[in-house]
Each structure stands twice: as structure tokens, then as C-alpha cells.
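Heads up, the next two complexes both have chain A, just with different partners, chain B and then chain C.
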Partner chain A sequence: MTNAILTGLMLGGMYALIAMGLTLQYGVARIMNLSYGEFLIAAAFTAHWLFTGWALSPFVGMAFVVPAAFAVNFAVYKLLLTPLVRRARTRDALEVDSILATFGLTFIVQGSMQSMFGGAYYSYSYLAFPVQVLGETLSANRLAALGITVVLGLALYLALTRTRAGTAIRAVAVDPAAAQLVAINVERTSALTFALGGALVAAAGVLVSTFLTFSASSGVVFTMKALIIVVMGGVGNILGCLIAGLLLGVSEALVASLVDPGLTLAVNFALFLAVLLVKPAGLFGRATR
Partner chain B sequence: MGTTITRRMALLASVCAATFGLVATAHAQASLKIGYAISRTGPNTGGAAVTTLPNYELWVKEVNAAGGIKLGDKRVPIEIVQYDDRSNAEEAVRAIERLVNQDKVDFILPPWGTGLNLAVGPTLNREGYPHLAATAVTDRAPELAKRWPNSFWLLGTSADAAKTLVDLLVKLRDDKAIGDTVAMVSIADGFGIDLSSAGRKALTDAKFKLAYDKSYPIGTQDLAPIINEVKALNPDVFIAFSYPPDTLALTEQSRIAGLNPKVFYTGVGTAFPLYRQRFGKNTEGVMGIGGWSGDSPAIKDYLARHKASAANGAEPDRWASAVTYASLQMLQQAIEKVGKVDRAAVIKELQTGTFDTVIGKVKLENNMPTRYWWVGQWQDGEFYGVAPAANEGARKAVVPKPAWVAQ
Partner chain C sequence: MTLRTTTLGAIALAAIVLLAFVPRLANPYYLALAISLLQYTVLATAWGMFSGPTRYVSLATTAFFGVGAYTVAVLGEVLPWPVVLVVAASLGAILAAVVGLSTLRLSGVYFVIFTFGLAELVRQLVVWFEVNKSRVLGRYVFVNVTQSDIYWQLLILAIAVFLIGWLVARSRLGFALRIIGEDETVATHCGINTTIAKVALFTISATIMTIVGAIMAPRWTYIEPSIAFNAMISFQVLIMALLGGAHRLWGPILGAVPLVILFELLSARFPNTFTIILGCIFLLIVYLLPRGVAGLLESGKARWGETFKPRAVA
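This part shows the complex of A and B:
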């Protein structure tokens, strides 16, 4: 039982980590980024390349990968998405446009990874040793990932609630039109938030690469998982994202060890449906009219 | 709008004419046109990129370097037409139809994987092209070979795979090397379902105690709960009918949790070079599906050529790669024996002929080989075939598996 809960927490932490970036991109910048998983895999490949080619620890690699991802995502928003934002009359129109545009981006990112790394599976061994926690054996790399998720999540939560820039971001998430009235530069804030989301997904990619096997085409799995968690937690809500991720992780692990590992997907979706039935805007989402 | 398109088309046509003009005006059988549709995107990419594509490319490179395929008394180079089937059955069938009707290719090489080979089977049969399925494991193989006489099922049936594994376990139990508790997990997808149901029956018939028998959905990202539960049961044998990502994850988790049964067997991916690269010394004693005669000079030579040809010096996997390459050798020898592009005669030759390949002499019976490697084991950094023990080059299984070491 302890074991199931611990592994569930670690899995949930990973889910939350994967989803945090998307909740910013979707909730604040209003970009439904379908190429999200591809950026995660791109970061994983970079970590793999740094580790095997330069013997650079993925955690050190993060110091390069995360700022680079921030810059790349900022550029993507400025060059590719700003024209869409400018011409969109309503949020809904922007959502549709961004889905189409980022769907196209999926192929570009996937195609370039494919041409660089081929289609084969990649995997490497880092911090793959057992650690004893509460008398249970856990793997160090997953534990480290959980630790970093918690740190990132808390830092982000505090930044969003306690700082001026964070308040501006939340204002844009609630009402971009009204935010302009109080002298918030909505376009700049959106761009920075999108880039911040991109930086987070890159961090997730680096951490995930230490324990999961990936290939150039495995991005879509992560996009889907992130989307479920974002919708379940309430779009744009970091705390909701953490809770929803942990909830999914723990329920999966409990079902896998107490009932049957074959039912994990069913439980996932049952939980998702239940949340949507009771709170259509997600656990922490505000119903919008 | 209309004029733009016409103008663009005209430009395109003139460019094509300029580029391919020479080929088009040359003699009709100046080259042998071979087509294939393979998964370059989608979930099958990982398998196709390791097992199938490097072999197709190696073979074409080698044949063309030697002047081409011998048709009668002259050699003609191979010309390749290829598409991406996007790991999608409908797309694969459409691509095959395009290869037949539009590109009018002389021969077609099959896609990667059981599902896509089953999908393109009817089309290849209707069009009368030989279908050398080298990466499909299905229990319906004998029945399909009868229904589609142009199809050849070179990787065998899952029932046979499970039976050979259980036969090996029975022998080990008779030798008192292992007890009779078995834990079995499988992926809830075609391959895992077929193998686990065949395995369950064979294990129960052989009076093994099946202490754990569960499946997990495809894409499961944490297998720790399964391994922890299996470890608590302390079985003699651990069997996983898994796909590559979970094969790696299960091994990793077993090492971390300290699950070290006497026999540790994992599914697709165990025979991949990636497995050794990831686990190094810890591969020692791990069993898995597949295997090859690692000591045979033909295989050693094939390994060296594959490494030299593939991107980044990639090694072949130790199961279907060599079979795929052998299937290409068979096709080549059959075409050269017939001496012209006569697909019906080539099919007949494949059914009856004997072929000299990297996996030894192959003579098909009812469109299927007579021997397969079903259980391999990592020994001293090479994945040797250990069962069926009657196969030439079979090594003796090392049991119990040595303990995991710190990496």
C-alpha cells in the first residue's frame, strides 16, 4: 500500500510536470499547442545528446536546454503565432487557428528530429539506482524528477500569486481586454508566458528522458496526457495541474497494484469524466460565460 | 487560379523531363523497379527504423554496387520507389495500390510489423506480387499462407514462440535448475495477447504454477507496481511479453527493485542493440524473444556490413533483422533463377527453391521456414539463440541468471 502510494506520487508528479507548461500556454497565451509533446521530446533528445556525446549530466544540461527552449518558444510565438493573435477577433477563433498552426508545427519538429536522430528508440541510464524511502525501494531518477517538479510547481505558484509579473499573467488569463485597461502589455505578457510554458516542457523533457524510452514519434502521447490533466485541473491553474496530475498518478498506481494493471487507462478516463461531470471547468477552473 | 496551377504544373513537368529524360528514353528494362511503403512516422517508426529500413537500404546498396540484379545474362540496377505508410493500415494499402498501378513497380517489399503485413496481404495477393513477411508473428500464418499462396510468413507463429519457451522451462525444471512458480505479464495489444494466451495454456499444460498473470495497457509509463508485486511473490521465472519501451522499463525497474529470478525473459526489444547499450553488463543472462547464431561466420559478416552501411553505425537487432535481410537474399536469388520479371514464376521459385542466406540454407515448407529462433539469451555481450536447442548454433542457456550489478 505505501509502495503503491509512493510510486503513484512519483508518476503523478511526472504527469503534473508534463502538464504545467501546457496549462500556461493554453490558459494564459490561449494557444492550444498541439506540438507541445514534440517540444518535450526535442528536449529529451537534446539531453540524450548532451549526456552521451558530452557526458553532461541531464541536470546540468537543463541549465542549457531550458533557456534555449525559452528563446525558441519566444521566437515561435513572435514569428508564427503573433499574426494569428492579431487577426483573431475572439478567443475561440484564436484557439481554432492556433490548433491548426501548431498541428502543422508538429510535423516540422517531428520531421527535423527524425532526420537528425532517425526513428529508432532512445534511452540512457542516469541515476538509475535504488533509494530506500519509508522502507520501500524507489528509483533515484524518478524521485529526483518528483523533487524538481515540486520545486518548480511551488516556485511557479508563488511567482504567479506573489509577484507583479505573476499578477499580470493571471490578469491576462482572466480577461485580456480588461488587462489592457490597467496598462498590462498583453501581447508581451502572452509571449513571455508562452515561452515560460515552453521552458517548463523542456525541463519536463529532460527529466523524463532519464527514465523513459522515447523516439521521434512519441510526442503525441505526452500532448494527450498533458491535455487531460490541464482540462481536469482547470485551464491555466498551476495548483489544479499539480493536484490533477497527482490524482491520476496515485489512482493509476493503486489500481495497478490492488486490482489489475490492465484497468489503469479505464480509471484514468473514469476519473476524468467524473471530474468533468461534476465541475465542467475542471477542479480549480472558474466557469466562464 | 487555374492558370497558376497550369503554369506551375508545366514548370514541374519540364523540370521532371529535364531530370529524368535520359531514364525515360532508355530501354524498358534498364532497371528493376522495387517499391515499398514503410512507417517513417507514427508508432511503428521505432521498429521499422531498427529492423526493416537499414536492411532494405543495405541490400539495395550492395546489389547495385555489384552491378544490379542478374536478369538473364545482364545485370540491371535496382531503382527504389518508397512511401511513408504513417503506421496506418489504410495508408499502407493505398501506398501498395499506388506502387502497383501508378509506379508500376516490378516487386514490392513488405511493411514492418504484424498488423501492416496483415493489412496489405489481400492487395498483394490480388495483384500477384510475392509477399515476404519477415516481421510478422501471427498464429494465422499457416492459414494465411494457404489462402494467399504468394505470401511467405518467415517469423512464425506466436503459439510456437510460447511453446518453445515453455519447452525450455520444462527442460530446466527437469534438470532441477528452476522450480515451478512463474510470473507472467503482457501488453494488452495484438502481440502480447496472442503470446500470453498461448503461453498461459502451455504453462498450465506443463503444470507450472502461474503465480501472477496480468496485462497492462499500451503506453503505460510506470511499471513499478507490477514489478513490486511480482517481487513479493518471489517466482522462479519472470516472463514479459512486452514492446520495446516497456521491455526497457521492466528491466530497469526489476534491477532497481532487485527482482532477480532464475529466468528473466522479456519481449520485443530485448534483442535490440539499444538494450545492451542501456544495460551493459546487466544484460548478462537476460532471455528474450528472438536470437541468432552469433558464432556463425555469415552472421558475423552480416553484422559488420550492417554496421558499416547503417546511419551512425547502427547494429541490427538479433531477431527479425537477419530474417529480413535473408528474405531479400531469397527474393534476389528467386528473381535471378527465373531470369526475368515474371512474378508468378518468382513466387513458385520461392515456394520450392532452396536459398543460401545469412541465416543459413532456407527451404520453405507450406510458405514458412522450418526453423526459427524463439528464445535468445545475452551471453558475454551477444544475444545468442538458445531455443529450440536443435537449431544449428544453439547455445546452452545460462541458468540461474547472475545477479544485477550496480551500473
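This part shows the complex of A and C:
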């Protein structure tokens, strides 16, 4: 039981990290990014390549992967998504268009990874030694990942609530039209926030690669989990994201250890539906949407 | 009946009669191609029936298709063929009603997210059930159904789909759905029960997809969850319906026919980069043809009419 809860908390921390980037991309830049998981897997493959080819530790590798992901996502927003933002007349129209465009992007990224790495599963061994916590055995790489998640989450929360740029980002999330009236460059803020979300998911990808096996086609599952957590926690809400992620992780671990490991996705969906039926705006979302 | 409807009806009837003789005339390769043409025409038209007027993007085609195929794999040898089809159709209808009732009351994005994961969810549940309860993963389909039978069944289904679509579009339900697609708030204020209307049409469209899955199942002799619930089907159907233009009943067929032939050529020639090409085609459609070929034809017709009119007056 303690073991299940501890495993669940670590899993949940990872889910929260995965979902933080999407909550920024969807909450602020209004892009429902279905290719999100593919970018996570791409970062995982890069970390794998840096580790096996150049013997770079994943935590050092992050210093290369994260800025690169920022640049790539910035380019994706500027080149692919800005035309859609300009074309869309309402927020709903933008959502549908962005879903379709990123759905197409999913297949391009996935196809490229498949032609480069094939369909095989990849993993490497890094920090894979046991650590004793509260009388339970946990692996060091998962603990390290959890630690980095907490640091990143706190830093992001403080940046969003305590700095000028963070306030501008939140203003765009609340009302893009009104944000323009107080001299916020909405287009640039959206592009930068989208890129920031992409950088976060790349960090998540690097961390995930240290303890999970992954293949070119496993991105969809991560997209799914991230989407569920974002909606559950309330769109654009970092704290809600953290709590929803932990909730999902713990419930998954409990079901896997007490009922059956094959039913974890069913639990995700059940939880998702339950939250939507009771509180459609998410656990911490405002009811305006 | 006006002259135009009579002519259209006559052309449609002639086309059906011609199409019915394809299995007698074509060799096995072209028959197989004709079957995939019909399969994707029906799937894309059924997709457009719901998603066209309501503008709710459904990514769950393969979930329903897979339910149909898997029902045949389980029951195909136990029950007579028509009964199997009926069971498959009712399973698909029940699944669609449950999904629709729980997600269509909410905003469109939640529906998209849910349908995006639905195929994966159903697949996991089937795998879990097979591994733990029935203890077989992967089944053989030995049903006495030939390729020609599959073709004729699909042809009948295609005719039925167009009839249903035509009837729905002229009914109160179709009208209600078009209003929902324009503005859901207005629809509610007009006294339309939006949830019932959406769930009803979603169920009709999903049931058709399930039947397609059931009819197609005998083409594979071996079925396992990853074959039946192949995400590629959802994706291809979506591309076809969008290329054709989902806001018209006859739109999706304009996308299905060229794309099935194109995919057939591409997947034979570039098996490794097929997914990438598919993604690029999809993006091109989203950016350059947001209203599909049907939209292009309509605006072309309107422009032609405008340039023609002044001359007629003068």
C-alpha cells in the first residue's frame, strides 16, 4: 500500500511535469496541441542518442535539448500556427483548426522518428540503483526526476505569479483582446509561451527517458495523459495541473497494484469523465469557459 | 419532382447498376481496390454526417470500426452472418450512445479529446478481457464470405448511407444540427434539445462505421486488437472527409476516391515514409482547402454565376 502510493506520487509527479507544458500551450497560446507527445518522444530519443553516442549524462544533455526544443517550437508556432491564428475568427474555430493541424504534425514527427529509429523499443541505464525511502525501495533515477519536476514546477509557478513577463502571460490567458489594450504584444507572448511549453515537454522527455522504455509510436499515450490532466486541473492552471497529475498517478498505481495493471487507461478515462461531469471547468478552473 | 432531381436519380440508379456488376467484370486486384474505395467512401460519408453539420471533430472512427471487426472475430463462427451484423451494429450503437451522452453535453474540445483516446481505451479493455477472461489474444476468422459478397454488402451499405444522409438533412433533426453547427447558444434558445440531437446523429454515424468494420472483418483471416483498432483508419477517414468537404453529403466521396487511389500507389512505392507523406498531405488540405473540394466547387460555381449574370442582363 505505502509502496503503491509512493510509486503513484512519483508517477504523478512525472505526469504533472508532462502536462505543465500543454497547459501553457493550450491555456495561453490557445493551441490544442495533439502532437505534444511526439515532441516528448523526440526529446527522449535525443537524450538516448546523446547518452549512447556521446556519453553525455541526460541532465547535462538537457542543457542542449531544452533550448533546441524551445527554438523548434517557436518555429512551429511562427510558421505553422500563426496563419491559423490569423485566419480564425472565433476561439472555437482556432481550436478546431489547431487540432487538425497538430494532428497532421503528429504523423509527420512520428513518421520521421519511425524511419530513423524503426519500431523497436529503446532504453538506457542511468542512475539505476535502489534507494531506501520510508522503508520502501525506489530507484534513484525516478527520485531525481521527481526532484527536478518539483524544482521546475515551483520555478514556473513563481515566474508566472511574481514576474512582469509571467503576469503578461496570465493576462493573455484570461483575455487576449483586453491584454492588447494594456500594451501586451499578444502575438509575441503567445509564440514565446508556446515555445516555453515545448521546452518543458522536452525536459519531461529527457527525464522520462532515464527510467521508461519508449518507441517511436508511444507519443500518443503521453498526449492523452497530458490532455486529461490539463482538462482535469483547469486549463492554464499550473497548480491544478500538479494536483491533477498526482491524483492520476496515485489512482493509477493503486489500481495497478490492487486490481489489474491492464486497466490503468480505463481509470484515466473514468476519472476524466467524472471530473467533467461534476465540474466541467476542471478542479481549479474558473467556470467562465 | 423537378427535372433536376429526376436526372440525378436516374444517374444514381445507373451508377448503382453499373457498380453492382464490378465483381463479375474486374480481376481480384481491382475488386480489392473497389472494396477499399467503397469502405472509405462509407466511412468518410458517415463521418461527415455527424461532424459536417455540427463541426465536432471525431477521432474515434477506428474505435467503432474495431468493435465491428472484433465482434465478427468473436461471434463469426457461432451465429449466422446476418445476426452477427445486427449484434455488431447494436454494440456500436450502445458504445456511441454512452460516449455521446457523457461527452457531447460538454464543449467540443472535450469531445475531441475523448474520441482521440477512445480507440486506445477500447483496445486496452479488449486486450485486458482477452488476456484475463477468455485467455486468447488474436482470433481466426473463418466465415464463408467471399470478396464479392463483401463488395455487394458494402455497396448496399453505401446506398443506405446516402439515403439516410439525404433523409436526415431534410428532417427536423438535420435542420437542428445545422443550427448547432452555426451557433450552439442560438440553437438552445430556439428550443432545440442540442444534446439529444447530437447524440442521435453521432449514434447513427457510429453504427454505420461499426457495420463497415463487421463487413470488412472476413478480409483478414486473423484479427488481433492492434489490427482491428488501427489508429490509421481514423486518420485516413478524417483526411478524406476534409478533402472532400464534410459540410455536404456528397463531399466526402470526392475526397475518398482520389485519396484511396493515391494511398494505394504511395504505400506500395514508399512504405517507409508513407506516414510522413500522409501528414504532409493532411497539412496541405487543412491550410489550402479548409472547405474541401465541395467548397471549392461551390465557390467556383458562384463566381461563374456572377460573371455570367450581367452578360445575360445586358
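Basically, the second predicted complex is superposed on the first by the 278 of 289 C-alpha atoms of A that agree within 3 Å, B and C clash if a C-alpha of one lies under 4 Å from a C-alpha of the other, contacts with A are read in each partner's own complex, and residues count from 1 in each chain.
Everything below uses one rule, namely that a contact is a pair of C-beta atoms (placed from the backbone, for glycine too) under 8 Å apart; a residue touches a chain by one contact, two chains touch by 3 or more.
In this text, all values refer to a predicted model and were calculated from it rather than measured experimentally.
**Student:** Assess the superposed three-chain arrangement around chain A: do chain B and chain C clash, or do they fit?
**Tutor:** After superposition on chain A, which the two structures share, chain B runs into chain C.
**Student:** Using the superposition on chain A described above, determine whether A:Gln114 touches chain B (first), chain C (second), both, or neither.
**Tutor:** both
**Student:** Let me test your reading of the model: by the given contact rule, A:Glu187 touches which partner, first (chain B), second (chain C), both or neither?
**Tutor:** neither
**Student:** Answer with first, second, both or neither: which of chain B and chain C does A:Ala256 touch in the superposed model?
**Tutor:** The first partner, chain B, only.
**Student:** Contact-wise, after the overlay, does A:Leu265 reach chain B, chain C, both or neither (first, second, both, neither)?
**Tutor:** Both partners, chain B and chain C.
**Student:** With the two complexes superposed on chain A, say which partner A:Leu34 touches: chain B (first), chain C (second), both, or neither.
**Tutor:** A:Leu34 sits against chain C, while chain B stays out of touch.
**Student:** So, does A:Ala4 touch the first partner chain B, the second partner chain C, both, or neither?
**Tutor:** So A:Ala4 only meets chain B here.
**Student:** If you stack the two complexes on chain A, which partner ends up touching A:Phe211: first (chain B), second (chain C), both, or neither?
**Tutor:** In the superposed model, A:Phe211 contacts chain B only, not chain C.
**Student:** Now for A:Val221: first (chain B), second (chain C), both, or neither, which partner does it touch?
**Tutor:** Both: A:Val221 reaches chain B and chain C.
**Student:** In the superposed model, only one of 23-31, 59-67, 113-121 or 131-139 in chain B has C-alpha atoms clashing with chain C. Which one?
**Tutor:** In the superposition, chain C collides with chain B along 113-121.
**Student:** Which residues would you name on chain A as touching chain B in one complex and chain C in the other?
**Tutor:** In the superposed arrangement, which is not itself an observed complex, chain A uses residues 110, 114, 221, 260, 262, 265 for both chain B and chain C.
**Student:** Hey, which residues of chain C end up touching chain A in the complex?
**Tutor:** Spelled out, the residues of chain C in touch with chain A are 55, 57, 59, 102-103, 106-110, 112-114, 116-117, 120-121, 124-125, 127-128, 131-132, 231, 235, 238, 242, 272-280, 282-283, 286-287, 290.
**Student:** Give every residue of chain A touching chain B within the complex, in rising order.
**Tutor:** Of all residues in chain A, those touching chain B are 3-4, 7, 10-11, 14, 110, 114, 118-125, 128-130, 137-139, 142, 211-218, 221, 249, 252-253, 256-257, 260-262, 264-265.
**Student:** Quick one: which bits of chain A touch chain C in the complex? Just the residue numbers, please.
**Tutor:** That would be residues 32, 34, 80, 83, 87, 92, 95-97, 99-101, 103-112, 114-115, 220-221, 223-224, 227-228, 231, 260, 262-263, 265-266, 268-269, 272-273, 276-277, 280, 289 of chain A.
**Student:** Which part of chain B faces chain A closely enough to touch in the complex?
**Tutor:** 39-43, 45-46, 48-50, 53, 185, 188, 214-217, 219-226, 228-229, 244-245, 248-249, 252-253, 255-258, 269, 272, 274, 278-279, 311-312, 314, 406-407
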